[in-house]
Each structure stands twice: as structure tokens, then as C-alpha cells.
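Please find one structure pasted underneath; my questions will follow.
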């Protein structure tokens, strides 16, 4: 068949990465349409790609008959309307996190997709496609660790953009470990507590950083996460699962090891998410394109057009982060409120 | 001068190690007296060492005029009386943890020693003498990490003796990280919370294992400790301090690294505390003997006869563990109650 | 433009990997033709790929007007004739090592291509596209190590096919480090010595394994290579460069690290070349396709259709291995004989 | 019994370390006599130690009736005469390497001691007492690696004293790996080749540095050693043994691991031999004192007064280094000439 025609909505940092990825690396897809709030940016990108058009209205881009599938890299507050449009037009969509910005609308999206009877929405939790996380999950599945009991995570950024506030540490950073927890343990998170140590003197005034998140799952597994977004060092993501028969750690980031004057050994840490998770993004998008293509080719209206985290995963993450923001204020454990998944047929 | 004549009280696991250490490795000291609840055991050991006597009553051993200093490796409930005897006779004493089994008597010991006007009691928190902990403290002191903010600890044992219960995880295992926290940060612990994940299926019925301890210091530093005493793996003690300018980790336990069929690389983990902390015990006892000898030689009644953690450190650890056991029941953060150190002149 | 139509000649282990790679991963190319000595194998593969034909004669496949470029994964003895056909028809070709099976014919190929005035031949030394080797070369280029002086290599296979003999250790295994040496140091190899330790008892009768190769470059750099092809362990490729200002090592193969009963830590080593160098092969082929496409699109008869090691690199490797096989017999250093590159205009 | 009275001859860098070690750490021995070519230095040291005398003539010190055993840390050219005096007076002696400065006199010492019928001479190859080398030897002895086949060594110093010449790289540095080879493999070295790469631009004029030594043992094992004494980095000693069933590496020097801005991870390398081999020296001397004391106490004229490398080990090292210096000039393999050990009764 011919290549999948993809519309990329939002060509900021993440969207522009997706455009370049699909244009140069992803087999079986091409960037057919780009859209951005800043029309000139979209037009400039479209001009550099054979057969690519800029479309000024995101809903027009979604509706365009020569668009087979959509990548959503627009700001979170616009997701709800755009996702509903994708569902309406039956267009498979890879939606960067968050699904939507609140629990209510996320649940609404889940329900609307469930009514359609086929999965069109995949959420961009790319760590599920990282080779190391995959190896960790495989080790657990193989029984190497026995029953998993505890997970320790560190999530460190060298710096954050101006205006990044304490709740964004939960919603934008911790959300990844929320999904990792659900992915690695196949278990829902039932409570969350945010501990705020004395703040890093180098953090901006008013930003509670570092934060320690303490999660508990339905089956009683414990997860702790050090969130530290003003380290000044590098992008560090480390995860250790401790089980009945042993433990396993990923994120050691060992590559070229140097010895240098005066008497040191060591290496470089990945500076940012692109270097750390570039492979994961590539795999995520290739597998999504393959899944969408298989679904389209199959011509099966009941087909799934996703190969990864679903709208429900986006809703669950929203529910946990909502509770996390509450705990950020109280410092106490907060129960996570979620609807019963079985109550939504097809979710 | 002639060698320091040491009485070792209690020759179980730990006491027998101290006897062998002083007999074969420690410069400037010899085992002059041994004592144990099981008299035959003491006599058998005494018979194997030149010039060593077994004395049946621990208080007689302490009072013996041919004993210069005492190592206390007896069960915790006997410590109070024995420590008071050491103070009464002016005998320097290296007391294995705990100082005493409760906060009240620990504080009483602190006060009695303070009244004497010289330090005779050193508590056996041997990790302070471990080369790696010393390097960690030195890195912080050198400002390498900037302001320290967070510490993550893992403390894992392959197995525990029959009868080891949930509160012993706090009192016997966590107590080491309690002291490490106070040592590394030079800060008192003000609150403690114990989280109990679903228990290891391989743990004995009724033992809450693993446990996660969450400590907070007076200056707001956060410490979390994974306590897991039925891992079946090995003796693992790992500590990471995260600061304003970087982080540092010890306990990686990398020595001989092997590659073996079928396609694995790696090494051995120290099986027990002797292998992991043998160097620390040797250093602890040598430095204690040197300090006691220097004090004795100086003939100075105001001298200190310790080079390490003091009775106050033993009291502080008891106070934190007491609060920890309370939290073990409630799962909630508990404030640590301690007297003001300045209120006890000389403590 | 439309996709590059590639003919893959030889669909054994390596050729079949290339077919799958181009079919599923490589952007901008498709497998248009497959060919193999075993016609059924080619036909079976062709049947599974849209728009792919099997052609029985390799020279017909090369000449086919609907083939834009060729991947040569046929046995070495057929390379000479097939490469000459590629040159004759002006078809860019990615030739798996060796270029040809002897120095004389390799040199002939170099000359014939040079007469054409454009580069059509790329040799499949894929390590040049491995991220770790690239990082090593970049560290040297950045001056991190000062003047490089020495390189230590280990090249270990768990096992070799039946019939693998002592000279194949040189020609098939060492050839990679020969190219790595030339790539990392940008320097020709001037002498080679093969040391034969007492053989591995587990090696097949008559196979000299392990072997130690000692190389010297024109500027006096020393390289030693442990070649050990019957380790029974895994596929291990380690490289360390030691320079005036420090050293750097790659190939540590650290990913998920486990701790397991009874008291071990460590991880898995890549079992074979596919796992170790999968990324390198993908990058090699993508960059070759991009380079060929750029050359074709440019419609420039003087263009280069390679982005990687050239025919000269294939010739140089052949010359070093030839001397290596001589040293295998004598045990003494053997000078490498090569023509002066400047004597061949355009080489 | 009372403490062993030790005379330390030569109180330069190494001798002064031994004095401090015996004075402060070694159980069962004390420094009774010190001697040095610079009399004031000896007197100054003696003045600081209870019951220690300075004696101006080394032979008087050896003969002194209140000296039980001797540590020889004098310059190599004086060893022959001093060792003969020790043999004459029946004094156990721990002799820093080299045994003597040439093969002939080393052999003479071996014969003279053999005639005595008891071992009095231990040579200071301290690496045999290093915990990591001991673990490597134990892993081999346990059969973990199957038949050992190859050993790779790196021996790097940050700098060397003024006047250090190319042959001293062999005699003073390589000599340690010569003994390590014999110790790890329990095998004699039969040939040696020294390869001289282009010299480090930072090395002093005329010093061949780095050098690569290639050793072969009687049973055909291969050993290569990178000797590099002007690295400017640190003191690095790494050893890897490759065997039939796997490989094992020591010297990784991993302790506290830091992560720092801007994006690096790693640690410190031991700066010098004291830090790297301090534990080995302590163990060496303690075990020597214990062995001498056991021999003396036993009052057995046929007793051995050593627990470590013997005069024969010193002779063998001298023979290999002699051949190494020849190869340094020719660049070719040189056969090692040694007498048949069985021809010397008691050697």
C-alpha cells in the first residue's frame, strides 16, 4: 500500500521532532499536513517537505480527506476538542500527554471512544517503548524477580522552563512514573503522597523541588519517586524494582567510559530526553504507524489502531496526578478516585 | 606502654568477632578477660588466648583491677546496669548497639556520664568507620554536592533469625540508617513514618517485610530507607546523597567482575555484615583502643576515651526508633521526642 | 522521489537480515529484487514482499533496469565478478566484507572504480556506524585523549560454524578490528604479528584459538587484539584507546543490572552480532540509502554514492589480513605490502 | 610471648611506610631498630618510637642480638650483602624487590638459603596479598574459568621520578606483573618480548613509554602488559584473565560514584600505590610477622619463616626482567634462561 498520510498538529519542540522523525526515519508514513497556532512556523516546515501542506485550522487538518492519521502535539488545553474531532472522523491519533488537562474530560474521552467500539487513541507515554523498560518488564514477566514488591525511581532534570510550578512537577514529570508504575506492575495506583523536603537553594523561589512521591498500588506495591527538576546536572531517569527473588535496575547510562587527569574515571549522562528516549520515540511512532496501517489495510471497522497506551491509561494518569496535586498541599496520603473500568463497556 | 587490657563481655556472634579481632589484629590491646552468660563458652575462649581469664559475673569483670577497658557485646537488656558499672569504675567502654533498650534509660546513661565530666562510652555504630561512608561524608564536607537535600538508602539482608519481628526491623536494622543520617547530615531527625507494602510472600508469617522508612531532619532533609530483611540474596547496603550540585552513591560492591556462560557478566555481593563491614569494625576498634590508650596515658581525668559515636548518639537513635515503632502501627508520620541537648551540661 | 529499488544478492543469514531491514525499517527504499544460489529461497522471500521479484542470475539482477542499487551478501569468491558488473552498469553497491578474497583482485576493483571517476562501492564494515565507536572517534577528535598511542581490543564469539579454521579467525574476525584501527586512527597498518597461545581445550581440533594479533600503524601506534571465537559465553567486543591525556573504553554492555540469589549482581551480554550491532547495521543501510538517493537525485555523474568505507578500505583490510595469515604460520611480525594510494588517481 | 623486634633497614619512601605500619598497625611486632644511609633520618625516626634505636651500620643492625627479624628497604645494590648477613645470623628477612640487581647474585642467594635448610627470605611482591588478586586466584582455583589461557594487564603510573629510564620500566614496573603471572598461573615464564610504540609526547626525552610486554609461560599461556608510566592520570592496575569457561577482571577501582554538573558520572582513581595497595602491604607484613613468630616460637631450626614469595620467586623475576631488557633493545622475543629448580636441593 502507499504511505500513511500523517497530520502533525503543533510543531513546537515535540511536534517538530515528530515531523523530522516521520519525514526521515519512519517507514511507511509521510508528513502530509502540519498545523500550528503560529501559521508561519507550519508553513515554513511544510515548504521543506515534498508533498506536505500547512493547514491553518487544526480541526480542518483532522477532517482533511487526504489525512489518514493524526499526531497531536498541541498544548494540553486544546486536546479535548481535537480528540473528539479525531473520534468523529474516525482518524487514529497519537496524542502526546496529557490526554486532557483534567479527570472529567479525560473520562469523557474514554467513554466516547468506547462507544465507537474501536480504539483510535494512543497516548504518548513513550517509556513503554524504551528498550530498558521493556527489558525490566520482561525480566519481571519471566519471573526473575519473583513477586515484585517495591519500585524506586529517580527522575531528574537539569532545569525547567520559566514558570514551571510545583504542581507541574506532578503533572508533567511524575506523570511518566505514574504510567511506568501501571505499565511495569499491571496494577492501578490507589493512593499517593507527596513529601516536600527543604527546597534546593538553586530552585526558583516558590518551586517545591525536590519532591518525593509515594505511591501505593491496589495489590499493595510501594513506589517512591524522587522528582528533582533543577539539578543542574543532566537528564537522569533510574528505576529499580525489588522483588521476592531479587532486584533489577535500569537507567545506569553507561557508554563510553573515560579515565582522565587528574585521576578520574567515568562518562557522560544523557543531557536531555531526546538523547535518553530517542530510541523509545522512534519505536513508539514506527509501531503506531505499523498498527494504524495494519488496521486501515484490514478495512475492519472493529480494528484497533493503537499499539501502546490507551485513552484509559491517559485517564488513569490524570486521576493519580489530580490526587498528587492535592497531596502536594497537605503532605498527607490521598486516595485516588477512579471509576470502575468494567463500568464502561469497551474501555 | 604495655598493652591495653580489655574485657569482652558477651561472646556470641559479635563478641566472639571482637575477641578474635583484638587477639589477632588490634595493635596495643589484648583480651585480658572474657565473660558470657554461658560460662563454658567464655572459659573455652579464654583457654585459647595467652594471659586471658574467664570471669563469671559481668560486673566483676568490669570492676577487675587488671581490666583497663570494656567491650560490651551482651544482650541489650543488660546494657544499662553494665554501662552504669563502667561509669562507676571509670572504665572506658565500647558498647554494641543499642545503648539501652529504651529512651528513658538511654537518657539516664547520657546524664550520668555527663555528670562525670569525661566521655567513657562509645556506641558501636561501626558504619561511621567504613571507608565508603567516610568518603561520602568527606565529599559533602568538601562541598562537592552543594547543600545536601535527600538521601536514599537500601538495607537488605538475605535472612533473619527465627523470632525476628516487625519492630526489630526498626530497632535492629533501621537503627543503622538512623545513625548514618545523623552522621552524614550532622542534623537531628524530627519525624519518622514507616510504610508497609504488601509483604514478601517468602517472609515469615506476621513479619512486615519490606518496610519503607521516611525520615525528616530538623533542617528539612528527606531520607528514605528500604528495609528488606528476607531477600534471599545477600547483604546489600547502598546509600545515595542528592544535593544541590550533584549526587554521590556508595555501596556498589564492585570487585572481581566475571563473564560466564551463558552470556552473563557480574560479580558477587558481600554475603553478610562481616564481609561488608569488616574493615569498619577493625578501624572502629583500633581507633577506640588508640583513643583509650591516649586518654589513659595522658592520665587526664577530663580526657575523652572515645573516638566515635557517643552516648548521646545512642540516645538519639533510641528516640527515633521509638517513634518508628509507633509509626509502624499507624503508618502515619510521628514526631520524634528528644530532650534539648543543651539542657544536659556535658552531653 | 519514489523509493530506491534495491536488489539484495544472497539471502543467507546476513542477506536475509538486510531484506527484512529494508522491507520494514529503512525509509526511502524497498526490496525490488532478491537473488540467491538457492532459487527457492529467493522466490519464497520475494513472495512475501509487495512488488518484489526473484531473479535467478545475479548478473541479471544487477543489470535489471528496475534496480537502482545493489546489496551484495553473496559468498566472497563471487564478489569480484559481481562488483565489476555493478561498476559496468553504474549501480551503487553495498558490499558485505570481504571486498574480494585476495589482495590482487581487491586492488583491481579499486582501480576500476577509480577509472570511473565516481564512488559506487561501499564496504560493509558496519562498526563505523555503531554509536559507541562513533563516540570513541569523536572523543579522540575532540582531543580528549591527546595523541592516541595504544588500542586494546577483545573480540569474542561464543562459537563458530563447523569448518571455521585458523586463517578464518584472521580473515573473518580480525578483519573488523583491522578496519576499526584504520577508522579510529586514520592511519595505515604497516605490520602485523599473530601470537598463538596454547589452544582452548574446548576449541575444535586444529583451530588455533585464542589468537593475539599485534598491529603497528605507520605513525607507530600499537594495537593488540584478543581473538577468541569459542568462548561459550557471548558476543563480546571491547575496545580501549589509551592516549597522552587519558583513556576511553567502549563495549561495556551495561543495561539492566540484576541482583539475584545466591548473592550475585550483574547482567546479560549480547548473545550475537545482531544484538550488539543491530543499531549499526540499521544506521549503515539508512545512511547508504540516503547517500545513494542524494546521488541519483542529483543526477551528477561525478557524484559519490557512498557514505562509509570505500573500496580502498576493503583493499587495505585484505592486505593486512594477507600479512596476518603469513604471521599465523611464522609467529613473527610481517610487514604489510600495499601500493601507494596516491599512485591510483581517484582511489 | 613478647613482641617481635624488627629492624627496618632503609627508611626512604617504602621503609618509612613500613616503620609506621609496624609501629601503629601490626600486631605482635615493634620497630626495635632503624638504619639508613642518612644517619640523621634514622635517628629522627627512632626518637619518635618507644624503645627504638638507630644503628649506623646495616650489618650491625642485622647482627644485633635484640633484633629478631629484618625488613630490607635499602637500595637494590646493597641487598646481596645484607641478605647474606641475614642468612648468616639466621634472621628472617622481608626483602623489598628486587632480591638482588642481577640474575647471578639472585641465584647465589637462592643457593645459600637452600643450603641452610630453612626459608628465611621473603620477597616483597605485595600484590599476592591484595584482596582482589587473591579473589582472582581463588576464582581460577575454583575452576570458575576452566583452563586459564590469556591474561591482559594494564599498569599505569601518573609520573615517574627524574632519571627513570626505559629499562627501569621493565625492572621496576613490569617486575610486578612478572610475579603476578607466576602467582596467578603457577607457571614459569619462558619468553618475553617488549614492543615499543611511538612514545608519549609527554614522556621525558629518551624514555620508551608506553611499552607493551608479551610473556609466554611454559604451558603456553599468553600475557600482555601495557606499561605506561607517564599517563598524568592516576595509578591504575587492571588485570583480566580469560579462560576456557569465562573471564574475570580486577582493578576496576569503583567506590563512591558521583554525578556532577555538567552531566558527568564517575569517581576517583587511586592516586598512587599506597592507596591502591595499602591493604596488601598491611596483610603482607602482618602475615610475615605471624609466620616469623610462629617459626621462632616453634624453636624449630627446620621451620619456614616466610608466608609469601620466596628467594626463588625473586630469582625468577630477575631472570625474566633480564630477558626483557634484552628484548627492549631488539624488539624480538627473547627466551628466559633459568636453572632447573630441581637442581638446587631445598630451593
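Every chain is named by a letter (A, B, C and D) in the order it is written, and numbering of its residues begins at 1.
Operating definition for what follows: a residue touches a chain if its C-beta (ideal position, glycine included) is under 8 Å from a C-beta of that chain, and two chains touch if they have at least 3 such contacts.
Quick caveat: nothing in here was measured; it's all calculated off a predicted structure.
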Matching chain pair for A-C (criterion: over half of the contact pairs shared, by residue number), options B-D, B-C or A-B: B-D
Chain whose average C-alpha position is farthest from chain B's own: C
Chain C-chain D separation of Cα centroids, rounded to whole Å: 45
Distance from the mean Cα position of chain D to that of chain A, given in whole angstrom: 58
For chain B paired with chain D, centre-to-centre distance based on mean C-alpha positions, whole Å: 38
Contacts with 2+ other chains: residues of chain B: 231-233, 245-247, 257-261
Sites on chain A touched by chain D in the complex: 158, 231-234, 236, 253, 257-271
Residues of chain B defined as touching chain A within the complex: 146-147, 149-150, 152, 154, 195, 197-198, 200-202, 210, 212, 214, 216, 219-222, 224, 226, 228, 231-233, 242, 244-247
Chain A - residues contacting chain C, complex: 1, 24-27, 50, 131-132, 135-136, 139, 144-145, 245-250, 252, 254-261, 286
